[in-house]
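Structures given as structure tokens follow.
Shared between the two complexes below is chain A, which pairs with chain B and chain C, respectively.
Coming up: the complex of A and B.
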């Protein structure tokens, strides 16, 4: 039997780790600092699965009922 | 041939627009139907883009207040209605306002946890679904006991078992004895026809026997802990199981079920297993479902805002004193919400500073609040002597 992956679940949208250059570009484009981004814990099952590290920015492509597709960003922080 | 060229022209016009995917899709769909010429198409696109931009909220609009009012106004209507649903469907779920409060307060456990489970493609039959439903439903010993007697003279508990029920669970008296042995020690277990006798090895009091009885009644013989009821239904072409009680982790391991489509209304459980984004999705779908069930029409955007706010910091926060409102930076804003004196005294002890840069505190002291056009500040940068 194939191992179940959290990222295959219908409730979980697509998560991608941004490269360093992409991260800098994004922060510049939005004119914000890292602290102002929404957060995601490093203990989050999806973060563990895609292997993101603390400080990485994750690009989330959500299915939205109003816009069809919407893009969201979260920064990985240490869990409490 | 010509049609392909037109089709390509449409694609080129639409693909570079800065519009949401859905509007683009709708546009190309209706272009296929009405087949406008290139200049017409351009005009249409201009109109759509303009209208879209007009519909957007401007920077500084107080969308939080708008969302709060848009949700709570229908919720007020709900308070008056929920307790008066006269003897309708016996579906045992918490509905209406109580459920909405549960979601927004980020309670650990919903009062009526539920799961929706779909079958895998190769097991998509009524028989398989019924089999799995039977397998996962939790059966405790007390469900199969017909009669129980506490015999104080011999210091034993005697249970009369519903043998048909037991056979239904693919068990017999022997295996029942084995299961019981795992849970209780220092007692002798003997089985007869349809009775089980649990005898104490030493003298006991009636109290201890009572305690023993309650303990063995709670032993689960079959199924997954927490799932008290299962209902097999058909949704479209697919068989699915609705369960009362939620235990995603255990259900994930069952091979007949589709692990990618297990849905639970227990938000904190979803967060733990599938992550914060999945939890956000459940918050939004649960709250919109609750409102829709009551016949209320709330725009999904407001609920999305609530979901985003609650999951912003990587974990689920309640809307209220112990969550979003209690973590505001401004002392006055916190004091304005609930437990005023506590916040003010704490702030005085710690020597907190309120920078008056948010909305509530400015309303409080009768200043222009930084919303809408008042959000802008004048910035003056005098030239340094070197630059002159």
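Coming up: the complex of A and C.
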């Protein structure tokens, strides 16, 4: 049987891991520290599936009813 | 740079700490000596702080305001239980050994829970696993008495028990912040006099604070207990006194304990002790910390004034003389300020205080005003009265959205109420049946400018809720403009000149005008638009500018060519002209338009005459007959449906029982009656004032008129015909199981004809449900709004376009995902068609 992947589901938006350079650039652009980014647990099914590690920033491209596409960033943190 | 609080630690005060932070040991229960001086060692000992102005503190040298007060302590003759901690004490007693003090549960049993002390509900073990001692049964008799095997367990014994518990075992029970024996009070901290100041009455008598009274009681009983112990009094006397001491200390903390009589003042009033100071709506948190009283504010009844601008508020002169604005003295304004001071505090446009460069305030009086006028110089400030044009913040509760607090420009009036333009009733949700509103005066130039730029009424014409004008014309404004812009309306030259003069437009009128021509004076010269009016009946094929009823509005280059002006053009939440002017020419022009158009409507209407009465709901007998026929026909249809049901031939609707299907069919049939009646009324009623209001959207609807003149129709509860009441019938006058329209809330009468008792009762049921729904809904939505506001209040759109909270943590990278502020866009979006039309010209 084919293994189920959450990222294949129609309601799960596109998740990508940012490279180290992209992450630094993002933090510099927004003039913030890592602590000020929205967070996501490393135990999140999508995070596990795309293999993101603690400290990685994930770029999420969502379909928005008002803006068409909208981009969001979340940093992976250790789950409690 | 600010500092961030990393953590706050709550814990217990140890006797050692209590002694260390105290400056006095309290030993005497008298407050003042014969000469009226506070007694040393008493509860009002001068070393506890200063409350009298002019005196210096003997401990810290500060005066009133600089000396925050100092604690004392009282050594209790016998320990007592702290009432707020009885539950904790009980739990510790139940989970530790009475002999060795070790925890009775094994570490494995404790591991099941994060907070074992509070989660353990197991029965107390009967034998200690450490020393083997038998455990007796502990009981708590509310509020603060403990027993062991039904014999009393004194606070002294509890204290000794708790002292035996080793620190490692406390960790097992997750007890942090101190030793458990500190839960039993041996030293009572005596709060500084600054938290319980005495007040001197006019008669010269001293009146002490409730807390002081309570402390005196405690010290007195403690002294008696001590004396009795030292003379070796019998046990029962000592026990009684000990119990009394426990009572006084308990009520000192909380005078609202269940099962304990309240400690009372001589007058019989219950004392307000520590817990009462903090708790509830009148407590420190809700009354003094979450919300405070402010200066430079006022509150009074509101009334309407259609002649002032929506940006203005009428302020009574008596109020303006109390509210002040500080003005710094400089080279340019010194002579002006001197003239204001010379007018004194009682003249309007005068001044109340001057503030010297050292910050001291000096009151201006009739006697010293000339003297002070000579004294002031650069560096002084003058608190002058409010005057025309000052910026103030105006507010009506409940403040549910940002339009509940808007900035207005002051306009002084000789009367006693705040007055406001009728167009701003909507955002405040105000009416004039006794409503009161608050007014605040910003005190710095920065605050005044900010209020003016961000909060002025004209900047809130477009609502952030739906992106349309929330502030617009209402009621008579709309009726007036509707009648004015009707095809046949003509205005005499003289009248036109007078009306234009009244609304503040200068124009050369050389001939008689049509109503549309007069209205066009208000429009910008390059305004172009077309739309269907509110009165439009929605013909199958719209003839646009050739509409036979003149319901299609065409504006070409600022000239109203076709159509009547009604709520769709200038009303609130619709107002397309207001909407376009705001977008195209800015909010200032929109405000000007609103001010003028509302005045125009009222001006015309008062010349024209406008009134409603019973005759407005009169319809020809022919129409009445038609309605009656429609009612009878649908009743016949219902009869057929019911007969079919009894024969079992009802067309069943999927998902419904046969009975439910029947109800649905009947409801549908009876609903049609109202529509039919509505059509008949609309055709037959002549255009009178009530109809003008309904058609123009000024007030009321065609349905209201139908119910008045024609037929009220089916009454419902919870979306169904009325079925509740007695067993199998709605009222005892009907047969059981009767299904006819009459027996289930169908009302064929009109309000004008009058209702029979059944009809009246059914109508009242329907009305009551509406009232209940409304009050339930507002309560529910009010609380939902409150929670939402509390959750979102710190979020803010930063200058870089991100949404962040108060710690700078990003919540959204683009506000609302589309970066559109609905209060600055048309109906929450961008009207590309209009932009193209404006840029490229029509037809592009």
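In this text, the second predicted complex is superposed on the first by the 79 of 80 C-alpha atoms of A that agree within 3 Å, B and C clash if a C-alpha of one lies under 4 Å from a C-alpha of the other, contacts with A are read in each partner's own complex, and residues count from 1 in each chain.
Here is the rule we use: contacts are C-beta pairs under 8 Å (C-beta built on N, C-alpha and C of every residue); 3 or more make two chains touch, one makes a residue touch a chain.
The structure presented is a predicted model; accordingly, all values stated were derived computationally and were not measured.
After overlaying the two complexes on the shared chain, residue contacts for A:10 are found with chain B alone; chain C is out of touch. A count of residues in chain A touched by chain B and by chain C gives the higher number to B. By the document's definition of touching, both partners, chain B and chain C, reach A:38. By the touch criterion defined above, A:30 reaches chain C but does not reach chain B.
When both complexes are overlaid on chain A, the residue A:18 reaches neither chain B nor chain C. In the superposition on chain A, contact is made by A:70 with both chain B and chain C. Of the two partner chains placed by superposition, A:50 touches none, neither chain B nor chain C.
Once the two complexes are laid over each other on the shared chain, residue contacts for A:60 go to chain B alone; chain C is not touched.
Of the residues of chain A, those at positions 38, 62, 64, 66-67, 70 touch chain B in one of the two structures and chain C in the other.
Of all residues in chain A, those touching chain C in their complex are 30-32, 35-38, 62, 64, 66-67, 70-73. Chain B meets chain A in the complex at residues 20-25, 252, 255, 259-263, 270, 272-278, 281-282, 300-301, 304, 308, 311-315.
Residues 1, 4, 6, 8-13, 15, 38-41, 44-47, 60, 62, 64-70, 74, 77, 79-80 of chain A are the ones that touch chain B when the two sit in their complex. On the side of chain C, the complex with chain A involves touching residues 800, 802, 804, 807-814, 816-820.
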